[in-house]
Structure formats: C-alpha cells, structure tokens
C-alpha cells in the first residue's frame, strides 16, 4: 500500500529559506541556472565480472550499473524477443535515510521508470536476442546499485543503465545438440537508439532540472521525460503536486533539447560508435 | 502462530444488550427467526475474462468468485485427477477492520473450508480433467474476492464458488505434438453434485443460522456444515467456544434441510440443468 | 542485517557471580572440569519415516536430526556430485527465548557451521550419489530440530547430523526409461570419515568446553573446531570477543584429542562399522 | 511497442468500432460498498473496478500520524481472475508503482490539512481489467473520496490518449495498448487545470506529444462530467442511469 | 475421497490389524522438555509429537496484552522429516489452519481470566506424522497445559472417527485417511460434555454422521483416561509405564 | 574441497603468478561515499568493495537502544553483478552468516560504551567479488569506522591463508578457494594481538593448521600497514597513491 509521508529528507529550515530566496531571485544554491545539469562523468567496464558495466557520478549521486547475460524462456506474449530486465537497489550506503531490505515503492518506481525508458525506446533490438524462437532467448539483467544519493537518481540510474548497455559485450551463444553453448566470442549489444531521461522538479512556480537532495526536499512535483533519437518515448510525473499542461509541454521541449546534449556526452564517455 | 484476541469487531455495548434481549425473546435484531437465512441473490458471468464467475450478495455480504482454467502437473498422489484450488481474499474494501496483506489465519480458514466442501463432495469430476495421465491435467483456480463483509463469509464465499463452477465454461484443450492446444470450444464443467454449506453460531444457548457481523461479534462458537445431494461432506467447528453433541446433531439436521432449499435456489440463479 | 544485542539469556546476577568465582577457583557450577564434556546419549532410527534419524541429548540440550533422500539436479559447478543440505530449526519448545518464525542469524550460523563440518570433511562420498551425471543426483536433506536448548547447540546438532548420516539407509534408485525408480532396496550411506566438532567458550581468560546456557550467557567468545580422522576440517570463531593465537592453537589441539574420544562414542551409539 | 497489424480500418474505425475521438462507455455507480465511508463502482470499457474509502480515521500504528495533516494511503490491486491469465494475488511491482502514482494523483485534490493526525485509506480493486485500468481506478477513487465527504479542492478525472497506426486516439483499449504505438495516461483536475498524473509508454514526435496530451485532457474533462452526474444522482437522485456512450 | 481397495478384511480387521472399535496404541510422557513450564510427548500410532507450554508470562509486544484475560497463542508445526516426502519448513496453509482450530479447541478449557495481561504459548511439534496428528497434538497440548499448572475447567481430549469400507471406525490411520471415505476429528471436554473441535472431510449419511460423532466421543473419553494416568504418574509416580494398547 | 589440477607450477608460481607468500595488490581509498560519516573503497585482488558507516546516531525503533552502550549493526551484501553468475539480490544464508561474523569481528575493536543509547551502522557492499571478500570487507569496514571517528582500541585487519597443492599459501584467490584444499579467513587486531574472526573450510593436518594461522596473521599485519597508510593519506595527505603490490 502506498503511504503519503512528509519528506524524510529534512532540509533545515534556514537552508530551505535560503533556497527559496535564491529561487525567487532566479538562482539555485549551488549557483546553477534552472536549466543547468550538474557536471557528470561516466566510467565504463568498472566491473570485469559483468558483461557490461558503468559507473555514473552526477554531482554527488553515484550509481553503478552491471549487466549479466543469461538465457531463459521468453516472456509470455513476446515469444520471439529477448528479455531485458532493469532492477535497482538504493544501497544503505547511499544516505542516512535508507533502510536495508526489499525495495520500497520509491525504488520500485525508480527501476520501472528506467526500465521503461530502455524498453519503450526499443534501445536494444530484442529481435536479435533469440536463440530458439519461442523457447530460448537471451535474458539481459541490468542491475543498478546506488552508492551515494544526492538527488535525481532517476537520471543517474538511467545514464548508468544506458552506458552499461552501450559498452556491453554480448557473449555469442549457440545451440548445439539442444544445449546452449558459449562460443567464448562476444559482439556488441544490438543497439537501435539511445534513450536519455531528463528530470525536472517544480518548487513553487519554478521548474528546474536535475535537482539535488535538498531541492527534492522542497519540491511540489517531479517529472521525468525520456527521449530517444526519434522523439518522446517515456514520461513519469511523480510526487504529490501537479503541473499545468503548459508547464509539461515546456518541460518536454527542454527535455528533448537537453537530451541531445546528454546523448552526445554519453556517446563520448562510452566511446560508442567510435 | 495462532493468537487469541478479543473480537476486533466491536459491537457497541448498548446494541449488544439489545441483541441479547431480543435473543432471549426468541428474536433477532433484524427480525429474522433463528433458522432463517437472509435474502440472497446470485449473478453469474459477471467477469467475462474468467472461465466462470458469480457474484453473491447474502444480505450485505458480497463476494465475487472467478475461475481461471490452466494446465499443469497433477498433485502428488493424485496423478490421474485434475487439480482444483480455491483461494480467497477479504479485500480491504470489505470492512474497516481489514488490513491489506497476505491472508491471515481467518482468511486461510475461510478458503480451506470452502475448498473442503467442494473437494470432499467431489462436486467436480476431477477424473474428467486429465489431458495426459500423470503428466498434464487441467488446473482449476477458483479465486474469491470478498468485497463487503457483513457476516457469514463462509456461506457467501461457498455459494459464490459453487455458482461459478456450475456456470463455468471449460475450454476444450487437446494435446497436439506434445503441446496443449486450445480448440476454442468449451463445454460445461463436469459436475457430480452440489455442495451447500450452512453456518450457524451459538450465542449463549441459542444456535442461529447465517449470522450478521454484530451477531458474530457476540458469538461463542461457530459451526459450518456442508451437505451434498448424498449427505454430509464437510464440517468445521470454529471460534473459541464449544457445542454439546446434541447441539451439533441438531445443527446437522437443520443444515441438511436448509441445504436442500438453498441448493434449489442456487440451481435457479445459475440456470443449472435448465 | 546483523545486530549486536546484550544476551537475552539473562543469568541472574548472583548466579553469574557464583559462576565467575567458581571459574576463578578452577571449577564450573556443575562440577565439570574445563575440558570436560557433559554426558551424552544418542538414539538412532527414532523417526521411521525418515531415511535416517538420530536423537542426541547432550546434557539437557536435545536435538533430533532426520534425513530425507530425494533426487534433483546437481549444484552448479558440482555436476557430478550428489547434493547434501543441512538445515536447522531451534523449535520454540526449546527455550523461553525463541520466537517462531524464519531462522534468525544465529540459527543460520548454526546450520551452516554443522553443514560445513560435514561438507569439508567429505564425510559423505558425494561422487557415489550420482544417477545421471550432470543431470540427476541424490539430494540428501538433513533437517535438525532443536527440542530443548541448554547450551552448545553447535555440537549437539553436529552429533545428531553425523549420527543420522552414519545410520541412514540410502534407498537404491535406478534409472528406467528416463525415470527414477525406487528399487525398494537400501544400502548404507557412503561414508568416508566422521567429522566431530568441539566447541569451547572463553570467559575472562579461561577457555572451557561444551558450555551450558548460563556459561554462554557470560562468554566473551566462542570457537567451534571440527576434526575428521585426517585432521582439521572446519572452524568457526563466534561471538563478540577475541582469542589470542595461542589460545586458538591450544583449543585446536584439545579439539583434536577430544574429537577422537567423541568419535569412538558416536560409533558405538550408532553401531557404525559393527 | 511494435505494431504488427492495422488497428484503424479504412473507415477510421478502431478494433472495437470506435472513432479516434470516441471514449469507451463509462458507467459510474456511487455507494456500492455498504461498509465503506465512500465507494464507487466504475465500468470503463471492459474495466470493472471497485473503489472504497475508509476515513478520516485513526492511524495505526500511531507514530505514522502527522501532526498537521492527514496521511493518505492507497492500494491498487487486481483480483486473480481480472486478467487474461490468472494473476498471482501477491502485489506485483506494477501494482506497487500504480498504488504510488495513484496516491500522488489524488493527493493534490484533497484538503489533507483539514484532518490532522488522521488517515484516509483508498482501496481500488480491479475485478476485470482492460486498457486504462489505472485511469479508471483513479476516476473511481476520486468519486469514492467525494462520496466519503472528504474536503476536496477539485475532482480528479483520468483518461488516456495514445497512438495507433500513427494517429493520436482517445482512450486506448487493451488491444491498442498492447499492439499500438503509445499510451499516455493522464489524471487532471478540471477546475484547477492541473495535471496530477501523467505517464508515457511508447514513441511520439514532439507534435504528437502535444496533441496526445491535449486529447487526454479532453477525455479527462468528459470523464469529469460523468463523475459529477453520478454523484448528483446519488445525492439528488433521478431516474436515468448515469451512462456515457459516446 | 474415493476408495479403491478393501481396507477391512473378511475378519473385520483393518490394514493395521485393528478392529473397527480399536484405538491405536497411545503413550503419553509428561515433562519431557526441560526448559518448558509444561510439556508432553505423545505417541499415538506412528505419530510422535512434542508439546511445550511457556507461560503465563509477559506479552511481547505489550499492546497485544488484554486487560482482563490471558492471550493464548498456539503453533502446530511439522518437522521437515516428519512426513513421507520432505516437508518445506515454512508454515503451510494447512498448518496455519490447524494452529487456529487447535487454539480454539483448547481455549474453552482454560481459565484465561485468571491471568490478565499475560500470555500462554503452546508449541506443538510433529516429529513423525500419521493419521490424526491434529488430535494427537491437541491431546499433547492439553497435558502440557496441565503440567504447566494452568488453571483448567476440564482436560481436552481428542480423537477421530471415520468411515472405511462404508463402516464407521474409530481412530483412522494414515492409509485410512488417504483412501477411506471420511475423517472426523473431534476434541472434547469429558467432564463438561462439550465438543471444542470438530471437522469433517468425506461423505456420511445422516445416520453415519451421528454414529461417527458418537464413536469419536467414545475415543475422546478413552484418551482422557490415558491423559489422566500420565499426569498422575508424573505427580504421584508409579512403576508401570502409562500405555494403552486396546 | 577436492583438488583436480596443479595450482602451483614447477617454479613455485600460483595461477595468478604470485609466490606462496605473496599477497594480491591491495588499494584502499578513504572517504569515497559522500553522504556517509565514514567510508572506504577497497580493491583486494579483483574484489571491489565499498564500506560506509553511519553513526553514532539515534536507534530506530527506540526499544533496541542499550542504556550503557552503542548497538552495532552490520550488513554484508553482494550486488547482483558482483559474481560469475547473477546473484539474486535477496540476502542469502551466506550473506546473513557473513554479516554476523563481520559484526563480531569488528565489535572487539570498538569502544561502544562511549556511545550509550546510540547505534552505529556498517554497510559493506561487494561490487565485484573474488576470493577473500569477507576479509576485504572487514578491512574496508574497519577503515570506514576509523574515518567516521569512532573510538577504537585497535584497527581490525583481515586476510586469509589456505592450502593449495598441499602447501600453505597466503591470501588465496577465487580459483584457489574453489579448487584448493583449505581456506582460513582471519581478522586480527595487531596492537592487541587478538584474533576477532577465524573460520576454516577444508582439511589441514595439525602442523598445517598452525602454519596456516601464522601465515594469515602475517597477512593481517601487512594489511594493517596499508590501512594505516590510507588513513594517513586522507588526514595528512601525500602525493603517492597508497598501493601495495608485494
């Protein structure tokens, strides 16, 4: 059951006042503009035991995504497609407010929104991941571990997932005598497009990108918009406030433009296509 | 672990006094006689996506049963019989006292008592539900959702289950090349008898049928007796009080006679045999 | 998550004082020497429905181990070996401090330490427990139920496990037409060695064997050392204190010598080899 | 989503015979659950959904209570028989997420500060599912909250739009959801002109995005009228059944 | 239950050699669990069952305490090795139900009002199961409660009767339970003449129903004598083992 | 463990080229987790492990607090991608046990009595696992505790020794753990000369047992030097990276 609660991330009163005053003056506490994303860096192949991996630092938020390739049955209704599953855990290392245990509703939402961006954009060509049609397909597990949380885990986790997929080495498997055999060779993951999510929050009447924890502590509503090369592919409005239709349309346009910038940087960091 | 607790359904003191006085005068608060069952209605085929379904309103208690037919392995020791599983959830919509979550011991008992009535009466001819002896059989899931609870969920759930089974359309499945194939055709569920449960409670020295919630809040003990066309097939004494042997024998005779009335009505509502 | 807590087994203050004074005088409350193990008895074949069973009473600690033999797939990486799994439950009958429920970290440790002794000593020749290499093997479940707890459950559970294995009758299974068939005949479990664990605790600077509950309530640290005929095969230091290297070496030597005594007694009780 | 067959025919009709701007039949009945403080039964296409509200009432356990406002709790759940293949009764990750976005879509409309230290529980049960069950669930929950007499700033009305055969269509059904190009569920407060739920699955160009959002909002407004009529009927009564078949 | 072979031979003997009115051997030992406040070990046919009682004692967590009476808690559990094929140690729905009916069968005999704000815990572990393990468990639990010195109105004694080869028989065993026609476990307070547990699985005519219930009650009375003797032996001692082999 | 191939070649080199007394490269970085009160990142061979410490801080729920000392809580967890085949994210019995022995190995070094009624939480995440992950985890946790400023009697340093090809070797890796003859992880307080963790899997003669323990202790002492240097570097800084490649 979903339960409303005051934010457990308490921004001290004074600090919050400062933030709201800064916002009223068109600024953010860390000096960024409302449409400015924090500096970020991506390192790939950080986990050698994984078939692909990436560590993303977006400001002080840090996420590692690791890919494991297995084989299994296809999903029902998707008999001729490989399976791709994105999961996430916000590790208790990440903040004083995380309890260890099964994923809570916020973490479930995090994983599902990231999953949706990858799935709906058709980033990975799942048609290429079939070994025996209807029976045996590649199963791609993308697991994300959030090591440190300082806001906007949606985008940090999404970039880690996308970067791990772009840099993954897919083991080439073959059927021999009814058994799956690993040939020992690899090929790149079959990639069709690169989905990029952009998250904004509304505080009062101001919409700003890439919030830090203390901004999230004061937000009224949140929106995560994912674009691929082709256009919009996923969106999630979150939190207990609301947006006007115009605010959403404006945020969508911003997400599309910023998405192109980020996409270029992700390609560069992951050396994708080079 | 089973834990004793005072009834969480608190009948206000005054109301309870009224009820006990009425009982002393041979009456019930809603004017019924001790052997009188509340008016009830049954509507079948309420869930088109199910292979059979029924909504039962017994007074203000309301239950929907839905049947899903799948295939699976037979139960151990019952290799040449189809499988039939009755489950129940008392939805949190049903009363202010229900917490969402996995079934508590009362709901487990509810489902098992209803299941037992169907199973022990051999209502469904499980011998007819085998596709490959010892390997593949029909699996009949009957799931019951209690939408509103006003006492005697045992009988309301039991009538919903029986009505859904009587009106179900069993998909005709065939084996082709070692695979189960749905022919698209259906036939009636193979029915051998119609089990009907009758529940009574004891308050003080009085035994009365079909208790409402506030009567259950004052009961000492409960008994649910299920009869088929052939005789007695299941029984469950419940709650923390006791019965004399004579009280049980008398309740059994009442259950048998009342069961015939209810059976006729169930047939009518479900148009069974017509 | 593992949580430190004061011992919930409260030795009353006075009693504890007495114990510490006795220890200072080179004695224990029950009159035993520090290297003396309580009298114990073993009864085999106490559960006829099991393929092997033993009841151990070590002082007032009482444990029943029962063996069930099934077939299944081998463990990954151990394709040509049978599977052996030791589990334990400290029943809520065993002490006023046990809550029913899934095993807590102490019970998990108990089962894993006993399992390790059996596994690492290679007591059971798992190579002999293969039906179809890589596909179907014997799976030996050893389940231990602690009925009464008065200290040193590690050794009591270990002796019960070992005794059940020594006296077990392995059903002779065969493959016929791709199916496992029970021939109805049995043979002894293929045994290669007999692992014996010896547990000691440190209270202050004194190390003593086979602690009772009230000694465990005052212990600083615990060590369980398992030897087979060939030498040391498993060890587990437990609890929140520490040992010097010399204390460990001395405990190891004691465990080896005492292990020989116990091994002889276990053979006698189980009539192994006779 | 990859589309494999035509879902709109040469006459502009969809698989269920509707035009691209046509909503499925919607029927709302208020007060169907006797024990609840407020309730509604909604049929939206083939969706059959019960919503029940309990509260404002005491919070258990007590430390979850808020000194200055009401706690809102929400459960979206599907009965095992509600889907094409039997649904495991344990809550899926999908149900956990929908419970959360449903709660967040209702909360902006509720004057929770009017009920300090209390809780309001909203239970939504999907008895039969079709495309758009979360929208239908929000629609039912908002009516149940009004029926429970909870102070509200506005009603919350929900409807999806989507893309089928590269056309933007209103209120997509199960087949269109599975085989079509995009699904955009939206919840909306019509008087305050605020979007309280919005999601998107699928691919839309920038122009399609705006068109789809506008169309969903129109759907929400139409749903709001049906909600209003259903509540009016319960409280002021009339003989005609509140039913919308566009 | 569908019966497929004769379970009573031409001499009126059952599969284990008993007559239709004969109970399996019953052996009760009191005080077998050292740490418990009361305990009993019962062998009833091939059933081997330990019951241990802790209490009256403090309730944790405290809000579960009742101001005017004692809380009774009960767990029926089967060890993994107790059954023909290994039982998963997690509690099954069957064990949950039996824990409940076992508690409800004991509660009428206990003077719980004598121990306000306290709890009594009854733990029943089936080490080896045979037909009638719930009856044997109740029998063991009642003795353990008496051994713990809990104030009781009466002992609770349990025994099943059933139908085999269309005959009503006393105390059905595992084979008869699985292949026979009906099983009726009953728990009974002999002094107060009250039935505290009763269940039925299987098919009985009205006459058979009454005969079966009467036979089960006779079984309960016989069990009560064995319980009494076992308790006497512990508290007043004697050399002969308390053993019933009818 | 049954060994099936030679793990030490004719030149005395192990599968990864080390000699029998050589430790894998160890690299410790202090303060890598921004939000934590103390943290460390340890690479020990192919192990990659993050440890973060929160506390001393309030205990929730409050009844778990101790009036005269601090509660220590510890979680050892492996990320799903850390192992050869994907690890289920739910805690395994192995992780439960390691969490326990890890906590017990750290507790002797901590002056918990200095923080009555508080809790210290230690979270160890294995991002990539190799042989000896519990030792590397304890090593990381001890540095993180020091970084958090917790009062400590001594550092805790951990290293395993083991048997390969019937020779006692220092710091066994994944292959040696799986195919070798014995693994003995040890944690040690070097100043106080106390063993705080010790386990053994595998077979050792009495002489080998003592040699193995002595070798593990030597490994712990070497690890302690690296821990010290890493902490010095954070607090007193220097240009050279703290890295040990014996």
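So that you can tell them apart, the chains are marked A, B, C, D, E and F in the order they are listed, and the count of residues begins at 1 in each.
The rule is simple: a contact is a pair of C-beta atoms (placed from the backbone, for glycine too) under 8 Å apart; a residue touches a chain by one contact, two chains touch by 3 or more.
Since the structure is predicted, the reported quantities are computational estimates derived from the model, not experimental observations.
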Touching subunit A and also subunit D, the following chains: none
Neighbouring chains shared between subunit B and subunit E, ordered by label: none
Centroid-based (C-alpha) most distant chain relative to subunit F: B
Which of B-D and C-F has more C-beta pairs touching across its chains: C-F
Rounded Å distance, subunit C centre to subunit D centre (Cα mean): 58
Subunit A-subunit F separation of Cα centroids, rounded to whole Å: 32
Mean-CA-position distance for subunit E and subunit D (Å): 52
Of all residues in subunit B, the ones touching two or more other chains: 1, 100
In subunit D, residues with contacts to at least two other chains: 75, 85, 121
Partner subunit D, residues of subunit A touching it in the complex: 1-6, 76-77, 105-106, 108-109, 111-112, 116, 120-122, 223, 228, 230-245, 248-249, 252-253, 256
Subunit C-facing residues of subunit F, complex: 1-2, 64, 66, 71-75, 85, 93-94, 96-97, 99-104, 107-108, 112, 121, 178, 184, 189, 192-206, 208-210, 213-214, 217
Residue numbers on subunit F that touch subunit A, as the complex places them: 33-36, 39, 46, 48, 50-52, 54, 57, 75, 77, 79-86, 89-90, 121, 123, 125, 127-129
Residue ranges of subunit A touching subunit F (in the complex, touch as defined): 46-50, 53, 60, 62, 64, 66-68, 70, 87, 89, 91-96, 100, 102, 141, 143, 145, 147-150
